[in-house]
Each structure stands twice: as structure tokens, then as C-alpha cells.
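Alright, structures below, take your time with them.
Shared between the two complexes below is subunit A, which has subunit B as its partner in the first and subunit C in the second.
Up next is the complex of A and B:
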């Protein structure tokens, strides 16, 4: 980034106010999302397919197609990027945010050596000479703990393992020390030991950085390892958000409780016993039920849940949930339901 | 039910995808294969389904060697149902649900494959997998990942197989749907007395669903035994490292982001599949914290700890 820009940057890494994303008339992918990522903080955005987590992230990054309708405000490091036009945002994007994609093979250019792809960032956005940029690229590869970085810089993406490609992606995302880094399930496609290495690397990198991370995942284990704060999305809404320990100790929304219970049961349940399961399936985008979107799957649902969509409200200090019956009361953790009880209509209509 | 006896598979280019692999899926029992990409799991699946033949060693089905003729192999395949990883890939988008589910009946020329009767069989199968009343004339596009995987399971079960081969059946599904599919497979296995060969990279999951686990690395089995023992008292350092790499279940117990995991499990760095199988050494030696010269010069034999469990390591935990 330029020296001038650096001076202007201040405030939270990311601040979303009342963000809405719509595709066409029917699909309301993100509803009234408010979310803050403080500098230096990792915020986990938890959700399943169709929950709106990727739409939210892409909207924040200004990368949604122009067919999407976006309302609300997006501030990155104090800059209102939602007020910028597309070319304007494009000019400053690299200095404001870095992205780590899930599929590094698709995100990297297959016909350019990885060192040159990183160096391009420096020549285009940091006003370095080609020579300086090439050296900085090797240093960036060393920073993500790639051994023999100078040799690796000359390789093409397909010559690297999945874990190494992901390291290259991370090197590119952090190269310009942007205030915000958006990571979209970067470890989901990796083997478990490679995932462990990447999580360890992020743990080390963030020590020396002021960047805030918006880390999209569906894996509560990754959340436990990495996040300071967690937000859970369901059917386009943020249904719960709190400091991460609070989410694990006292989840208030039945969906969050179900996600945690699923994982705990998987690890600690006896062999051969049925797995704990949340019944049903998430609604297809554009096909949400009336009232609370989780109510058809919720063990605590009552009449009010089918009628009105609960707003996100405080349930404890720094902890908000969108539920008519928030709190620890029973439901998840009861005996696992038999698979045969899964609703018939699962999958229909998507 | 399915037996691998000293099976090796060499692909063109000379890479050993499987190196002297021996295991058995007992009648009515289940075996899990766990390992990372490039470990040889998928090659095992392809051999078990009869899609490929081993370079050496042999496969048996109910104690009889796999036949070599196409016709006989097809007869065998009727008894093996399979559920693959990605239900978006494994279901033909242009086929109606009815035709997808009854396809095995046509392939094996069983009643209901053509003409009347197929609809009723398809409806029965779909009800059994939690899709009662599904529109037989609908297409896969109408279903979510979980719904598609149920359709794939209905297809796998319709020819009344005696073995079910599952290749990461839940890894592409959402968390809240994964357990439903696993429970469905477990129920079907029990109700029909199926033998199961279950491939996954999820150590927690495999500990829950199978009796025995074979841990694979670099084309070899490095440890095999009852799921409980593999989970709670691993002997091979690779098995332990897989356990150690599983993320914490609570932020208080953070371990990956805190320790130098990179020291223990150094990424080999190059594209997958560069495993060192075939050399006279331990395949895991280059990444093992305990390895010494012996591990790099001599191949550790399978040591039988007891009737249940074996491992290939000179310095077991």
C-alpha cells in the first residue's frame, strides 16, 4: 500500500452494518448482517452450504457479480468501501484486504511461477522494482515457512502439494500486510495433518500482524483452534455471535448447540452407537420457512417460532442470539434420534 | 467377505500405489481404511470393486479369488454396492431418480430393471433411505447433497449386495447432514447384515462406525487393529500423528496453533504421491520423530502384537 493510505487506515479491520445481499427477487442470501472484526482478531464465520457465509464475505470483498443487490455499509479499516464504485474499490482492494481461497489450484495462475505471482503484488501495489519485488516474494515464501523459498518461487502451482499451494496463497494474502484478511475454508480440502500445519502457521503469523481475519469455516474444531470471536450463520442470518469461549461454553442458539453436540458426540461416543444428528436439512436459499428459519429442525420450537423471525438480541455480555427460546435448556445432548426419523422432505426443492 | 492378500498395484510410470497390502473385511463386519491423499485408499476401493486388477497378490470374495472374465466379474459386482464421495458427481444429472435407483437391476438383469415393477422397488428403496414419497420422475438437481447421497445409497442397496463399499461418503456433505447419512449407513448395514469397507480420512468418524481400522501411508498398511485400540492406544507414530492433528474440541485445549506441528510432520513439499513405497525403508521415516538409520535402511515387518493388532514399526509407541 502507499504511505498515504497507511496513515488513513484506522478502526476495526471490518465493520458490516445492516448488510443485505439479494440475488434476483427471490433469494435473500444475507439478511441484516452486522459484524465487526477488530484489528488483530480472528473472527470465525460458521455456516453450512447456502447459509450466506460466502455471500457475506464476497460482499465485504466487493467481489459479488453486479447482478447481486447489496445494501448496507461495509467499512474496511475505517474506509467506507460500500460507497466506492467498482473501479474505485478495485484500485484500493489489494491494499485493504487479502484473500485465502479454499481451492488454491483454482485461485493461482497455473502458467505463472508462484514467485512471480507474489512479486506482481509488490510491483503493482508497493511500487517496487522487479528486482526488489522478486526478492520480497522469496522473503514472503520464507515467512510462510517454505523451505528453500528461492527454489520454490520458480515452481508452477501444479508442481506443489496442496499444503504448499495453500502456503503460497497465504503468502500472497499477507504480502502487503492488509488490515483485513478473508479466508474461505482454506483448510477444508486438505488432509488433517496438512490442515494442522496451516493452522499452526496462521497461529504464528498472526502474532506479528495487526490484520484482522474473517475466517469462514464449518468446522468447529478449526474455530476452537483459531478464533477469538465466532458468528454463526443460518439461512442468511447471523443467528448467534459471541467471544469464542462463550460459544463453546454457553451456546444459546439451538443450531449452535447442535453443531457443537454433533462434534462432541462424534469424538466421545461409543463405537457402533448412532451419531448425534440434527434432524432435517437447511432450507434452500429462497425457500426459507416463515418465522424462524431453524424452527422446522429445532427441538425447542413453539408456535411463536413458526410465526415470527427472532431478531439478534443480547443474551449475555458481548453475546447475542436470534432465538425466541435462547439458553442452555436441554434439547441438544438428548439421546440421538434414529436415522429413520429424518424428515422425508430432506433435499427436496433445492 | 473381501480379502486382500499381499496385494500390490503398480501404475504406469512405476509408482507403487499399493505395496503388499493384506486385510480382510469379515462377513457381516466392517473395516475402515484411513489415511491421507496418496496413501492408497482409493486404489484399494478400485481393486475391491473389480475396476482394476492387482499387479501381484490376490483378492478374494467369500474365500474365492476374484474372477478374471468380464462376465464373471459382473456377477460378483452385483454383490458389492458402493457409495462414493461426491453425490454431485456420482449421479447422472440427466437420469430420473427412478432410473438411477434401478440401474443396478438393469445391469445385472434382475426383475424390475425393465418394465413394470421397477417403480415399486424404487419407491421401497427410497423410503428405506428416508425419502418416502419422492417423485420418481424428478432429477438429481432437485436434491441437496444429503438427498443425493440418500439416492446413491438406495441405488447401492437395491440389488441386495452383501458388501457395501463406501468411499468418504460424508466428506462433501454439510456437518448437520453428515451424521444422518452415517446413521443411515449403519442402520442399513445392521438390518441387512452387510459387510462394509469404509474409507475416510476422519479418524473420529471411523472410530465410531467400523469394527477394525487399517491405517495406510505411502501405499502400505502401517497399523491395523480394532477401532478402539487404534483410537486410544496407537502404536505406529503415523497413527499417533493423525490423532495429534485433529483440531481441539474447545478453545481451552488449543494445541495446533500453539505448538510447532510443522516440526513433526514436515510437508514433503512436492505434489502428492511422491511417497517412497517400494524402497527398503519405512515409508514414514522421513516424517517420523522417532526415525533413525535403521528405519531409513530396512523395511519394518508387520509385527503381530496380539491376535487383533499388527503394526509396522521398529520403535512402537
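Up next is the complex of A and C:
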């Protein structure tokens, strides 16, 4: 009993082991994913559309439709939620995790005042009366720095600005102070200045709580600003994970290097220089090549890459990559100048 | 919001006025001489001419219309040719009778249709059955269904009265007929809206908040189904009040519809006109009523339009 309680307290916010998500027989959206989010940490999950990052997050949140097959273990704050049945998970889920959706307009019920949408968390999970819950909802709105929270609580989603709606979503996610918060590209739909405000708010909220964040994004700028750790996904696999500084300073996987190169080019923005891009397109789900899924696009690909799918292995302390030829860019067999590298790589590959 | 309602009210009044003109003209297209209907055995032309003079039937159409419209504006619907009573006092009680039937019918179709729609959405196994029921009900003519119910419950099982009247017992079968005929529309609208709502992002949010299925259904899904269903309730109440002729005839329910049919037979023009006008006003009023109700259940409609 005591051991169980201690385990609960000491457990990581989220621990995924060997998570697999399949849709039907062919589409393998997430493959053998292992990922840990420690309490108080922000882990960024980076990837393109279709890389499986949303499937991974939804699987962790238990929000995938029943048509998806999920295997592997999901532990939230020391509790094995993958072993719970649906009603069992439902009862505890609000106290274990909060979710922040990308499109707050769609994620809030259009015909229910936002205050009540927060308050129902308290009436259903904290055994508060309607009156108490309404007051707690106003307090939650105040916590996310909404001015005149009592008045805003009575408004409907369509009466709020995009930034306000996202604040409401955040208030909802943190209302019960869950150990894990899963945010699915929460700033993508916002304009740049609102985006900055929301990021600042999350930064402040983090200070006061022990929650771990799983932050899904394709924006490397957000990663740099907010995250402690980063995990990069490609074709359903986590291909690299490391502390954020390590990812930016010494990315080991050629795909990560490509992502960062694109960003660097955007930043330096010298007019006339062509933007670096990773040639080709990610494999369609269910139609992946044999071996490493990145190999057809990879400047370092060799015969072994076409034959076996590399596992995620340590390349440095706390830094793992799934690559047969990990290492800094400019390694042997690779032309360092990216603009020239692309056509050369194609020639080499054949 | 108030402005939108006033605009709709104005359009409604114009619509009613249009209906009055059309109905008045139609009266004169219907062949037959009201004087003969009033005094069927009067052989003498002088008697008939006398009647026509009394009723101003010998005056030009435009004068008759001006007279009628003037009276109407003063709230006077005229006097029945046959029953020698003010039309308003004939229609008043009938309106109440039809109102009871219309309300019971709408309640029945909302319950039956709502149950069918919810069942079809939540239980995949009954979906095919529900669409079969819907199709059957859509295909059956009202009077056939009415007569079948009368035959089954009235004559065969003997649990429903077969004589006409306005008692609560006599209300059951006609209300059920209206309910069954209207149910498929509600079933469809409820199922469509529920499916849309269940697939929505806000329901996923509700699930992520650990709310129970029944709570989500009540507080998040059905609230979003309410608005389109209410619009249809408004339309139905209006059109039923303007006369559920077939049902009233089959079940001898002494409402507006029955009055309209009998008056048409008798060429009792003032009464026919009265029923048409009351029906038009009912349609306009209940559409407006539905709009107001929708503003309460769907905050988005308060700012639109």
C-alpha cells in the first residue's frame, strides 16, 4: 500500500513503453514508441503531418477511436492506464491528465457557456456543488490571466477571441492540476503575437506546478523556447530523442538535421539562396519501404539502411537516435553544403 | 436580435395578407352558387336573388373584397352563410380542439422520432431496422395509417373509441397517427445531428475531461440537436394548426380541418376564408415562436441574422 503510494508520487508524468498504434491491418501509425516525460518537464514531440505524433498523443490520452488497435504500456504518474478498462480510466483520467487541443473553437461546445464547461470538471470530479464549481471555474479563468473572469465565464466560445478561447482550453486542462498535460499544437491556429502570449502563459503556469507536458508541434521555434526534451518522429517511429540543447547543437539523425537546416535557412534568410529542403516525401502510411523508412530520402543511406530498420540506440549520454550512421552532419560520404548535397546524394544513392 | 424578430414579423404580416388575397380569389374560382347552398329547396329565382343581395354577392368582386378586407382589419371575420353565426365564434372553439390535437401530435412525433433517431445512432444493430421503419412510415398515406390504427385498436382490440369526439380517449389515435407520420423526419434530423456532434472535437474534449457517456449525451450532444429539432416543431405546430384535414376527417375530430372541409362543401365562403386566415396566422406565429426558442438554446443565432 505504502509502496504503491510512493510509486505514484515518484512516477514520471508519462511513461510509454513499446507503444504501437494500428488502424486496420495495414496502417501502422505508431511503431514501438518509448518515451518518458518527467514531472515538471516539457517534452516536445516533433514531426510532420502523418508522422504519427498525434496518434501517439491520442493513444497516450486514451482518445483514439475504438477502430484503432493499441498495444504497449501507458503509465501516467505511476498508474498503468493501458491496463484499465474504459469506465475505470474515465473515472481517474481527469485527475491524471489534461488535454489542450489545437483548435479551441472546435474543441469547446458552441452552446454551453465556457464557465460551465470548466465547472463541470469540478462538479463531476471534485464533488463540488454547482455554486462552488462556478466559483472555481472563475478562479481557473483568472489563473490563465483572463481579465473580468466572472463575465467571461458567462460567454459562449464564439464570443471570445482565438487567444481567449485557447486560454479557456488551458484553464480546463490545468483545472484539476493533473500530473500530465498533453498539448496538441496549441499555438498553431493563433496569430504570432497571441502565440507568444500563450507560450508566455504556459511558461508561467509551469513554474507553479509539477505537471509534465507532452507538447506536440512542428514548430522548432516553440521547441527552443519551451521544451526541456525533444523527441522527433518520422513514419510512426521516434527517430531521435535528447535534451533540447543537444538536439539543436548536435543532432545525430539526418532527418533531424534536415529539419534544423530548413529552420536555419529561414532564419538567416539571405535573399536568393534556395531554401534547404529534404528531398522526396515521407512514405504514405501503410506503404513504407523496407529497412529504415527515411533511407530513400537520406543522403547517408547505404545498403544496410535498405535492409534493416535501425532501433533507437544511445549515441551520447541521454541522447538516442534510430540511425545506422548517426553523427553530426558533414560525416563521411555526405556533402556538407546542403544546396549541393541534394542532387549529389541522389547520384550516390543509385 | 429584436430587430431580426421585427423584420420577420413584418414579413409574416405581408405573407398573411397575400394569403388572404389568394384565398379570396380562389373562393370565386370554385364553381357553385352559395345562394343555392343556403336555400337548396328554394325554386323561385326571386328568393335566390334576394339572398344574393343580402350577402352582397351581386356586387363587383373588387367591392366585395374591399368590404371583406375592411371588416377583417376591424377584426371581423364575417358571418357564416349556413349557421348564421359570427365566423370567429365558430372557429374559436375549433381552434382549441385542433390545437390540442396539434400539440399532442407534435409531442408524439418528437418522442417517437427522437427515440428512433437516438436508437439508430447509439445502437448500430437497430440502425437498419430504424431506417426500414422510417421508409415505411414515409410511404404510408395518412388516411391509410389512420384507418389501420382505427381498425386495429378501435375495432379489433377494442381499446380505443371509434366514435368521434374530443375526449382524452379519442385524442390518442389521431395524435398517434400524426406522431407516426411525422416521426421519420425527426428521426433523421436527430440521427444526423447526433452523429455530427458525436464526431465533433468538443465531444472529444468532454471525453478527455472524464465525463460519463450519459452526461456527455445529455449536456453536450443533445443540446446541439435541440436547435434544428425546435425549428421543425415550430413548422409542424403551425401547419397542423392550419388544419390536419385528413386526420380530423378519419377520426371525426371536430377541429379546424373538419370545419374547413364542411364549409367548402356548403360554399360557406366566410368560414372557409376564416379557417385559411387562422391557418396562415398560425404558421407565421409558430415560425416566429420557433425562432425565439432557438435563440434560447443556440447562442450563435442571437447574433446572426
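Observations
Please note the rule applied: the second predicted complex is superposed on the first by the 318 of 350 C-alpha atoms of A that agree within 3 Å, B and C clash if a C-alpha of one lies under 4 Å from a C-alpha of the other, contacts with A are read in each partner's own complex, and residues count from 1 in each chain.
Here, contacts are C-beta pairs under 8 Å (C-beta built on N, C-alpha and C of every residue); 3 or more make two chains touch, one makes a residue touch a chain.
Small disclaimer: the values here were computed from a predicted structure and weren't measured.
Partners subunit B and subunit C, brought together by superposition on subunit A, fit side by side with no clash. With subunit A as vertex, the superposed Cα centres of subunit B and subunit C define an angle of 70 degrees, given in steps of 10. Judged by the touch definition given at the top, the superposed model places A:191 against subunit B, while subunit C stays out of reach. The wider contact with subunit A, measured as residues touched, comes from B rather than the other of subunit B and subunit C.
When the two structures are aligned on the shared chain, A:172 is found in touch with subunit C, with no touch to subunit B.
Residue contacts after overlaying the shared chain place A:312 against neither subunit B nor subunit C.
Of the two partner chains, subunit B and subunit C are each touched by A:158.
Contacts of A:111 after superposition on the shared chain: subunit C is touched, whereas subunit B is not.
For the pair subunit B and subunit C, the least inter-chain C-alpha distance in the overlaid model is 12 Å.
Residues 158-159 of subunit A lie in contact with subunit B in one complex and with subunit C in the other. The touching residues of subunit B, counted against subunit A in their complex, run 36-37, 130-134, 142-148, 150, 174-180, 182-184, 186-187, 201-205, 207-209, 211, 227-228, 241-242, 244-262, 265, 267-272.
By the touch criterion stated above, subunit C contacts subunit A in their complex at residues 200-202, 204-212, 215, 219-220, 223-224, 227, 297-300, 303. If you check the complex, the residues on subunit A that touch subunit C are 61, 63, 90-95, 97-99, 101, 103, 106-112, 120-121, 124-125, 156, 158-159, 169, 172.
In the complex of the two chains, the subunit A residues touching subunit B come out as 48-49, 145-147, 152, 158-164, 191-197, 199-204, 218-227, 244-245, 248, 258-259, 262-267, 269, 271-279, 281-282, 284, 336, 338-340, 342-344, 346-350.
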